[in-house]
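Have a look at the structure that comes next, please.
To keep things simple, chains are lettered A, B, C and D as they appear, and every chain counts its residues starting from 1.
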Amino acid sequence: MQSYIIRRLLYFIPTLILISVISFAIIQAPPGDFVTTLAVQMEARGDQVDEDLINALRARYGLGKPLWQQYLIWIGNILQGDLGVSMAYNQPVSRIIMDRLPWSLLFSFSAFIIVYSIGFPIGFLSAVRQYSILDYVLTFTGFIGLATPNFLLALVLLWVYFEATGQALVGIFSVEYAVASWSFGKFFDLLNHLWIPALIIGTAGTAGLIRIVRANLLDELKKLYVTTARAKGVSEIRLILKYPVRLAINPVISNIGYVLPALISGEVITSIVIGLPTIGPVLLRALQTEDMFLAGSIVLILSVLTLVGTLVSDLLLAVIDPRIRHGV
Amino acid sequence: MNSDSSPNREWLIDIKDLHVTFSQDDKTVNAVNGVDIRVHKGEAVGIVGESGCGKTVTSYSLLNILPLNGRIVSGEVRYRGGNGSIIDITKLNPRSREMRKLRGGEIAMIFQEPMASFSPVHTIKDQIAEGILLHQPPKDKKVREKIIEYLGMVGISNPERAIDAYPFQLSGGMRQRAMIAMALACNPKVLVADEPTTALDVTIQAQVLMLIKEMQQELGLALVLITHDLGIIAHMADFVYVMYLGRVVEKGPVATIFDSPKHPYTRDLIRSIPKLDRPEKRLATIQGNVPDASRLPSGCAFHPRCREIIGEICRQTEPVLEEVEADHFAACFLHSPKREIEPGTGESEIVQQPQ
Amino acid sequence: MSDRAQNSDDSQSQVDDRFVHQVPPQFSAFSSASQWQLIRWRFLKHRVAVIALGVLSLLYVCAMFAEFVAPYNPRSTDPRYTHAPPQRIRIFHSGKLSLPFVYPVVKGRDPQTLATKYSEDVDTPLKLRLFVRGDPYRLWGLIGSNIHLFGVKRERFMLFGGDAAGRDLFSRTICGARLSLTIGLLGVFLALLLGILLGGTSGYFGGTLDLLIQRLIETLRSIPTLPLWLALSVALPDHWSISQRFLAITVVLSIVGWADLAREVRGKFMSLREEDFVRAAELGGASTRRLIFSHMLPSFYSHIIAATTLSVPGMILGETTLSFLGLGLQAPAISWGVLLSDAQHFRVISQTPWFLIPGLFVIITVLAFNFLGDGLRDAADPYAN
Amino acid sequence: MSNNHNESILDVRHLKKYFPIEKGFLRRVSGYVRAVDDVCFSVQKGQTMGLVGESGCGKTTTAWTILRLHEATAGEIFFKTGNSEIVDMAAVEKVRLKEIRRYMGVVFQDPYASLNPRKTVLDIVADPLLNYGVKRDEREARVTELLTMVGLDPSFMPRYPHAFSGGQRQRIGIARALALSPSLVIADEPVSALDVSVQAQILNLLSDLRDELGLSYLFIAHDLSVIQHICDRVAVMYMGSIVEEADTEELFSQPMHPYTTSLMAALPVPDPHKPWSPELSGEVGKPSEKGSGCVFAHRCPYAAQICHDETPSLETKTTDTKDSHLVACHFADELDIDA
């Protein structure tokens, strides 16, 4: 298992580098460098363009040097915690991200909980009751969930919520709690605002998980060791809970790595539609205003977080699967 | 050993006119077509046949563990319990408590693939303990000790270590031994072994077979051994059933079957296997191939391959098992008093179908 | 085999050795059925997949003849119909059964709130007709005509209602299908090219190359796609024409989408490489090219088709989302995503829920592709048992 | 048996095939699986050489190394091609492989996996012909001839493998192996996946074809009784080494290696009156943990200290037959272990 973990950790490094290259490419993608864009924008706003500042920025980010040098400088800065400066917000990128990232994580994590707490039991049910009405209904609902774009779902739910309550579901807190200090009331208000977005973010993931759980469980149910256990006189329900479920958990855990990117994507688009104070709307605005340092950094951070999640799921797999643990 | 002729010997299992079908895609496969098998206390019954003859399906019906697409259409599988009560297994709900009490507790089974028969993520202890706790919850001893005892009994060296191993950490032979320990741990009366050594090497196969034989005799078990290997049958079984395409074509005590086989299929089968002790340059063969079980030939299912075909009767009428000598039955018109020999046909006519 | 005759004396054993049981004639169709026939037979048993195929065919035919199927020019505005609700097709006029017709809508104002209000003029039914003359168009820029599949003679018939500029939403949805449906296919095609190239290289040659490509695949699969798509699409210059932008977005979608297909191709290649029949072909002197193209590829065309079908939905959803955010296709281009971007806010929807109808089309299309793909995947390996 | 003993078509000398064992995250090579360890044997023209042993004994690896599907770690594999050139398969340049392999036909174990389900019988059998540039008409004529040869109706040509039973498929596989008129046929467990009643058909077919076409076989099997029926000479392998080699009759009547006798004793004879007393205990060792000494020492009932310390070499032992009987056992002369 040690060598598995070490190998897994070592794989992490080239993947990180690749992701940083992609993020850097995003920053570099629009024509012209960002300082020029900044100067143009300052001019457009009617501000005085400070030549010294411009030159200082050029020197700091190595603009004008070959791309690979700029990349190294950028990476070096990041390692020191400097993600660059946002033009639109006129703030260090790291500050903006730090303000918003916790909320993004909160939503993604809640969605993650929803995905697994809904997806697994439903997938299980529809496998055990294969070809029953229940199976068809659940599978079909799952398909619909998979087929509906997140933003559409968000819009429809907002609309339904609005029609039903006459209130708009926007933001994380209701007006009365927005600036209040923490209390139970505020906490419940948060929960109240949390579950709908989390549900929306998790829909596609849940639907995907249902299919995976169902398929894996059906596969396992056909295995000979299930027959062996049945021949021992084990009851059907214990048999399913003990053997196939135990084995179907492995692919489900290894699937976390592919649920996470979907959740992050879902979080971005849902936040934009609902107007949550998370990273999503910032990313959109950064892209619209070509605030590339901000955009690139966000892509970098989201990707790295996903990678870490994948890493954790792989390590978890090593812990629960004796075959990996014993290096088979 | 004898079966039907001695009324004093009590049977443990009595299969009567069993029919099992499988649905595959749109077609129905008749896997077992009217099989009668009787197993007595302490007796080793061998069921031999080639692929698709229905021997495995028959063994699965004993425990009512057919896969979802399989169905017992008719017939009885009766089991005589310890208190003399007789239970028809086919009448039980496969999920019912009574059925589950029989499985493992009264009738235990070992399977062909020792690797696939164990869950790869549970320890040996975990999997053996399950049956024990279900059927024989120990009073005085701890489960662990009991398992170690059984593992030692089946010849696993260092059972204290093997008990905590995962199946993939054991060799094929050791896994099959653990499988046997698992089957025996609940003190069953009948042991059903479905091709228990097919996946093993010859020398390991010999060890495992010896172990099964030893355990059977020591514990006074009835053994139902299913195999395609006549060599194994010759040395393991007391009474033999030969199956072809879902039917029993011949049955009798093991010596009789090998010394004077009556059904042309049995005869050909015995002649066609290469033998160490009788090297021949050229092997006798059975012509043709085993037909697909979804399209059975009419009449006697063996007639398209039979070199002793009599005539139309073989193509049209299905022969039934009839006693050819004491305790020895064959389903063939060659030995039936009912057959009408058509003029101009000899017993050794060989069908020569156009190629 | 000239010495066959001399053996005929001891032909007893010869005959039955060489005897081969004849396959009954009624099974000859099966015995000489190619893999495609077997796949078709299996596929046809999947009722849902067959229906999905039908739905998709209908959608693609509509998209192909969009100008003809749409009753109006999707860009022609009419102030009389701004935010007009969908009109219902009726068959009862004043209690009497008649041929399908609609009531014209009349724009008016609510006397109290002064808000615009539409009402039906129940006195003058408009007969629905087939092959009606209307807005002129050039089908595929070639065939000029003004005949539309259906319509009414006077007034307007808006099955899905009108948008903010009074354009016919039905016509716009049908025309939008053209971009939305082709972007999926085209994107998948590009992704497939990349996937086969890289996945095949990786799976066939193995070694360091395999390791590198595998890392790349894993990385791409673990990056959240949406932020990446968004970021890449920003790099497109604003002044590009609709078709330039369309192609660019396709490329952006496939840059992210090839990884899954490459993984599929690689896995299949790896397992086929170990198959006995491939080894037999190699030992039989087949060149590497013949080995790949004649022996290995035919075994996974069907798998690749299924995998490809299953990855179309991702592309369609991607386009829709990007366009909805204004970063994909942009008006005046018409796609389902562009149409949905009119429904940015739930207050808009609460006023004009029919703006969501293009979303329904997205869902139906994606569903159909999923069902079709599932059916194809099940049928892809007719030799499984 | 045969009269031209001196013409060997395949001569394997000191063949070794080691597979590295990779350990740790850097995949460092920590040891080797000695799958084939110093194996020598030859196949005579017109004869069948049998390789027999339990799973993992290296018999299939040997065959694959001969075919150059594996690169040999050491040793030579001299093969006499159809035009009487002698080449070393272990060392010949890769570009020449195609030209040499045409003289080697291969029959696989699994009649299902070895035929491409997507090709017709005609395409399958004609594929080697196509690779060597045989024209279309000639191909069809040749396939007709081949199918007849293996006992199949040539009208089966347009059918697909799924229409055939296991035995029929194996006939198709044999036809393909013979397509290019090879001089050597390597058959890797050709009957072990077949039903008992069909096994005999295929064994007889293979013998007939050998006699009719003057083929030489390298026949690999785990089943001694099958080996006995088809082979002229047999080599018994255990953990990568040949422990005994002799003419078939000689080997089966006077086995000299304890492993050979154990193998024979383990096989249940289909006759309830014959005693069956397998005695061999223990399991096949792991080739990766092979140390010095006799490969069989850990299971051998007669093993002495020398068996654990010194590797016995494969030597000719005193017998009354004219053909050599080779045994790798320190006590071959002393033990009286006839079957």
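A few comments on the model shown:
By our rule, a contact is a pair of C-beta atoms (placed from the backbone, for glycine too) under 8 Å apart; a residue touches a chain by one contact, two chains touch by 3 or more.
Bear in mind that the values here come from a model prediction, so they are computed numbers and not experimental data.
Here A-C and C-D were compared by C-beta pairs in contact; the pair with more is A-C.
Compare each chain's C-alpha centroid with the centroid of every protein C-alpha atom shown, and the nearest one belongs to C.
The mean-CA centres of subunit A and subunit C are about 27 angstrom from one another, to the nearest whole unit. Centre-to-centre separation of subunit C and subunit D, using mean CA positions: 53 Å.
The centroid of the Cα atoms in subunit A and the matching centroid in subunit B are 55 Å apart.
In subunit B, the residues touching two or more other chains are 282, 284-287, 289, 305, 355. For subunit D, residues touching at least two other chains, in rising order: 153, 165, 168, 201, 204. For subunit C in complex with subunit A, the residues that touch the partner chain are 215-216, 218-219, 221-228, 230-232, 234-235, 237, 313, 317, 320-321, 324-327, 340, 343, 346-347, 349-350, 353, 356, 359, 362-364, 366-367, 370-371. Residues 54-55, 153, 165-168, 195-201, 203-204, 207, 222-226, 228-229, 248-249, 252, 262-274, 276, 278, 280-281, 283-284 of subunit D are the ones touching subunit B in the complex.
By the touch criterion stated above, subunit B contacts subunit A in their complex at residues 63, 65, 67, 95, 100-105, 108-109, 111, 113, 116-122, 127, 130-131, 134-135, 166, 168-169, 182, 186. Here subunit B touches subunit D in the complex through residues 50-51, 171, 173-174, 201-207, 209-210, 228-236, 254-255, 258, 268-270, 272-277, 279-287, 289-290, 292, 305, 355, going by the rule given at the top. Contact residues of subunit D toward subunit C in the complex are 67, 69, 98, 101-102, 104, 106, 108-110, 113-120, 127-128, 131-132, 145, 148-149, 151-153, 158-160, 162-165, 168, 171, 173, 176, 179-180, 201, 204-205, 208, 212.
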